[in-house]
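Below you'll find the structures, each written out as structure tokens.
Presented sequentially are two complexes of chain A, the first with chain B as partner and the second with chain C.
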Partner chain A sequence: MLYREAGQFKTTYGADQQIFPILQDRIFVLAVIAAALLVVPLFASQYLYTEILIPFLILSLAAIGLNILVGYCGQVSLGTGGFMAVGAYAAYNLWLRVPEANNLIVVFLFGGLMSAAVGILFGIPSLRIKGFYLAVATLASQFFLDWLFARVKWLTNYTPSGSVAVGDTSAFGWKIDTPMERYLFILAFVVVATVVAKNLVRGHIGRSWMAIRDMDIAAEIIGFRPLRTKLTAFAVSSFFIGIAGAMWAFLRLGAWEPLAFDINRSFQILFMVIIGGLGSLLGSFLGAAFIVLTPIVLNQLPGWFGVKMSTALLSHLEFMVFGAMIVFFLIVEPHGLARLWAIAKEKLRLWPFPH
Partner chain B sequence: MRLMKAALLGAAVAAAGLTVASGAQAQNEQFIPGLIYRTGAYAPNGIPFANGVADYYALVNERDGGINGVKILYEECDTGYATDRGVECYERLKGKGPTGAAYVNPLSTGITFALTEKAPVDKIPVISMGYGRSESRDGSVFQWNFPLLGTYWSAADIIMQHIALKEGGFEKLKGKKVVLVYHDSPYGKEPIALLEQRAKMHGFEFTPMPVTHPGVEQKATWLQIRQNRPDYVLLWGWGIMNSTSIKEAAAVGFPRDKMFGVWWSGAEPDVRPAEGGAKGYHAAMLQHGAGQFGVHADLKKFLYDKGKGVAKYDETGEVLYNRGLVNAMLGVESIRTAQKKFGNKPLTGEQVRWGIENLDLSAARLKELGFEGMLQPLKVSCQDHEGTRAGRVQQWDGAKWVVVSDWYQSDDKVLKPMVDAAAKKYAEEKKLPVRDCSKES
Partner chain C sequence: MTVRSRVFDETLLAVEGISLSFGGVKALTDISFDIRKGEIRAIIGPNGAGKSSMLNCINGFYHPQQGAITYKGVRRSQMRPHEAAEQGIARTFQNIALFKGMSTLDNIMTGRNLRMKTGLFWQALHFGPAQREEIEHRRAVERIIDFLEIQHIRKVPVGRLPYGLQKRVELGRALAAQPELLLLDEPMAGMNIEEKQDMCRFVLDVNDEFGTTICLIEHDMGVVMDISDRVVVLDYGKKIGDGVPDEIKRNQAVIDAYLGVSH
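This part shows the complex of A and B:
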């Protein structure tokens, strides 16, 4: 009844090609962004910022990056943690060694660019190896990068423990210190990055990625150069992941060791993409929300209802229920949470008079 | 559609829960968060420690009615030894109780590093008893960190002193080979700086060998050790890694009595799985060892006889359980110290910080508390957040831990310059103000 595009006429190509052609969608997305920007800071507690919203946003950005590579270009990667680490350590070294560059935007973009460069390097084998074999090759990059940051002392400024810390973070004179400031800064970054990603995937670059994903030989015959297409996907994907890694290190952890970006991080982000929905930016957000929030909610749920339980039982239950939920969602909708959302929208169009 | 409704309902319930997390609290209670782990690869070591901590707080509440009448409110959160989960636990618990968290024990060097950044902002002190950043004993830079009883540099120094004594002096170490098998994390890497310094001073050959988390795969490391034939192996492991190392040492035939673990590699769960293979293995002691002391009689009387203890009574003399007791006791005594200045009421983290910094436990007081024989007197100050640097060495005889050395003091002639340099570097990197300790009372 409310959600219906009847009567919305498009008179220009521009209007027809916009990101959200339906007015209701546009209003909804703008309302969500406005709420995140204006309403959340009115009531959010520090816990909500630092443990829910900030991790959710940063990992969403990483999931978008990985979704470009896996969902849009069809190149399976298990090296996400490694690329995040490249972003984090590149940003750290710039921040540490070039005092003039003490601007988070510069620092993060540098982290992203370094990560993109490393991504291109590890993307080169993708021309020859495909599918599961490529996944194994990217797994090698994960282990190599883990090793690099644990062993090359210069990268961690010779700290005895290999753990590095940052402080005094600012951008253009704005000191980003409190959880709210961090949240707003990350939100702005993620919104801009999402718009960029959306425009990339619906433009000719994104179409070339999808052509390669759907059938690489056919794509080559109709004129896409596989090497360039795949490497741009690796570069763009690693760029976003690198920025997410730098944010995770600077604005979430503050002090970190290579273990923060180990293989488990790679799996975590790959699961976000798979559960959220391959080839969907919305899916990246839904997947990140599911993976970040569910364990925390499950762990606290009995407490909210006043059920006293031993800490060990609580942790075990959390693992079991979380695993069961993943299996349940994948059985109900193998295309991910984004597909559930699309089905809901379809139904809403017919509501309240379905055929 | 039904599914969507269920999902939306679930989300709404979750959101409501997140905002209304804390309910009504009693006013005369001191909240203490417990970042522990009873699950995961480190659970065998995490459980006895967590039991000791929980039992001691319960004992103070049962026996004394709290700290000068202020009841302890204790809540556990399982971190699984993971840094991000530990930070989440900390954020979840830090604001509970009438005055927030009194202090936090991260029980993981990784989490300690992360909380070190948060402590000055939240004004909650971090007690990292026997772990954490070695340079954080310098209170002029690390105002909020308290690595009480000893740092990893102290531990490594005590082990090297013991080895030197057995060899007949530090000069006899020249040309010897020492290998460090370490957990590849900030925890395992901490002693490297001290051991490198000692190697330079005395001319022994030092090789660090990393083992990746969680440490069940060590064949390659021990093959290397078999080829190199080092004179001594130092072990910096935790959880399942410790027992695996000892088993591997037995498999390659490395003499166990030439193996020295840090105090986190010297408890019953580390040696028992190796059965006969662990006989002769040495470990440093964080002062206390295994066994039952004065405080255990109270535990029996007030908790275990009434069925209120969380462990089994037979387990209450184990190394890690005792460490949990010590850990909780130091926290409680810090709060008591702070109460002398601020009054017998629930205190804030900032007030408790003053209490830890002015903690002074004499031998008489330790006896009163039932910790005689477990601890030596300690005195914390602005300069020295460690309190004491004493330690001993124990050996597993196949059935129990036996103390085989006298007390050692880590050598401050070696440690102090390293601590000063590292703390100074940290302060410069982070652009932190440095406190002048001579002006503090």
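This part shows the complex of A and C:
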């Protein structure tokens, strides 16, 4: 009853083209952001920050990046982990070698830009190869980048184990140290990045991506240039993924080795995008929440009900139930959690009437 | 029945001696004809005659092995599809080639892609030039939506639309480019009588109101003879007839191709 668009008339095209044309949606989203910004810091524990909120936000950003490439432009990629590593190591090297640039915003943007450049390079084969074959080609980029950061010692500042660490992180004089500060900084970054991503996908660049995804031959015949369009998608996607990688390294891990960005990371982000919903920014968040939260909840669940079991059994059960849930959700709604949300909203508009 | 007798002088596009083969299959053999500015030109022929291949050559999707196409006074043996689009050639497809995941509005907006220039930076902000451009083109697209009477499906993903409406949206996407030459590949295939009448009306209106030159492939002879100014007939990749509808109706080679003759 509360969720109605009746009476909300649009008199300009500008008003019709805003991100959330329905007033209730605007209020809801602003309320969520305000709560995340003001209410969460009042009660959140260190555990909530470092194990749940920070990973959720950073991986959401990576999922948004991958969703631009896979969901909006239709180019399957398994190189996400590698692009995150490029962002992380580019940021690390700038932070290490140029003391004047000791500003997280500058460092992260640099990581994103370097990742975008590498993304363009590995995106060039996409003109000729599609689908599963492209997935395999991007897998090669993952292995190459893994190798690069393990073997080229300059990139890891000649540390014997290849493990690097950062300390003293700040932005414009604001020292970002405690979990709460890190959380707020990441939240601000992710909100801005999401708005940028939304602006891109609703404009003519986004339409060019979707045209290539839905029917590349027709897209070419009406004037889109396939290579340029695909490379833009690779660049923007890798830019977001690179920033997420730099954030993961600097604000989640603090000290890391190349293994932090291996092929498992690529799969994890791809699952987030598929479970959350291809071609949906909301889906990127829902998918990230599902993948981050479900294992934690499953792990805690027996304890809440007072059931005692061994850690080994618990972790096996966690894997099995998690896998079963993924299969269940994909059967119930192949278009992901975002579609379930959209269907719920459709129903809510008419509730309590069936039609 | 009124007979349309209009005279056109200026040649917009001339096809000269086009031959196209795929391996050993000769799709087109030495085809020559012209399309004059402002006319409705039909290409007809039995299945497999090479009609769609001909359109694909004109808009640069196929590259013929021999011959050349002169368009707006420039003679070339081949061009890329996006060059054809930049030169003002738009088309629709026999099997609908819409972007299924996008709304009607977005599909038609893609037709204006060559006119949208703002770069990544302003697009990312969706502000200033990017927003002005978006609204300006939205206005143009809304005129096409009004013209085609599809206001009610503006925000519906085209994958959910019935076939006849999808055909109409595809015409809208081609019109959004404001083409000089519009190629329609079987715009009325699979439609019922009312949908055909609507589509004929749109084709004639496009030709009258915007002065767009139209080249169409169609199997419904009633429609072809009624709305086209001149007709070219292909059979097995060869041209067997070319002229105004009344000539074509009396052309023995055309009658034989359609009805079959005993050899």
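Here, the second predicted complex is superposed on the first by the 354 of 355 C-alpha atoms of A that agree within 3 Å, B and C clash if a C-alpha of one lies under 4 Å from a C-alpha of the other, contacts with A are read in each partner's own complex, and residues count from 1 in each chain.
Keep in mind that, in the parts below, a residue touches a chain if its C-beta (ideal position, glycine included) is under 8 Å from a C-beta of that chain, and two chains touch if they have at least 3 such contacts.
These figures come from a predicted structure and were not determined experimentally.
By the touch criterion defined above, A:Ala255 lies against chain B but remains apart from chain C after alignment on the C-alpha atoms of chain A. Shared-chain residue A:Leu301: touches chain B; no touch with chain C.
By the touch criterion defined above, A:Leu293 lies against chain B but remains apart from chain C after alignment on the C-alpha atoms of chain A.
In the superposition on chain A, A:Thr232 makes contact with chain C only, while chain B stays out of contact range.
In the superposed model, A:Phe43 lies in contact with chain B only, and not with chain C. Once chain A of one complex is fitted onto chain A of the other, the partner contacts of A:Val332 are limited to chain B, with no touch recorded for chain C.
In the superposed pair of complexes, A:Asp214 makes contact with chain C only, with no contact to chain B.
For chain A, the partner touching the most residues, choosing from chain B and chain C, is B. Of the two partner chains, chain C is the only one that A:Gly203 touches; chain B does not reach it. Residue overlap on chain A between its contacts with chain B in one complex and with chain C in the other: absent. The touching residues of chain B, counted against chain A in their complex, run 1, 3-4, 7, 14, 17-21, 36, 38-40, 43, 47, 50, 76-78, 80, 83-84, 87-88, 91-92, 95, 109-110, 113-114, 116-118, 133-134, 184-187, 189-190, 192-193, 210, 213, 422, 426, 429-432. By the touch criterion given at the top, residues 59, 61, 81-82, 84-86, 90-91, 93, 97-102, 106, 109-114, 116, 118, 120, 123-126, 130-131, 133-135, 138-139, 142, 173-174, 177 of chain C touch chain A in their complex.
Within the complex formed with chain C, the chain A residues making contact are 12-14, 17, 196, 199-200, 202-205, 207-208, 210-211, 213-215, 217-225, 232, 236, 279.
Of all residues in chain A, only 43, 45-48, 50-52, 55, 96, 150, 157, 160-163, 165-168, 252-257, 259-260, 262, 293, 296-297, 299-301, 304, 310-312, 314-316, 319, 332, 340, 344, 347 touch chain B in the complex they form.
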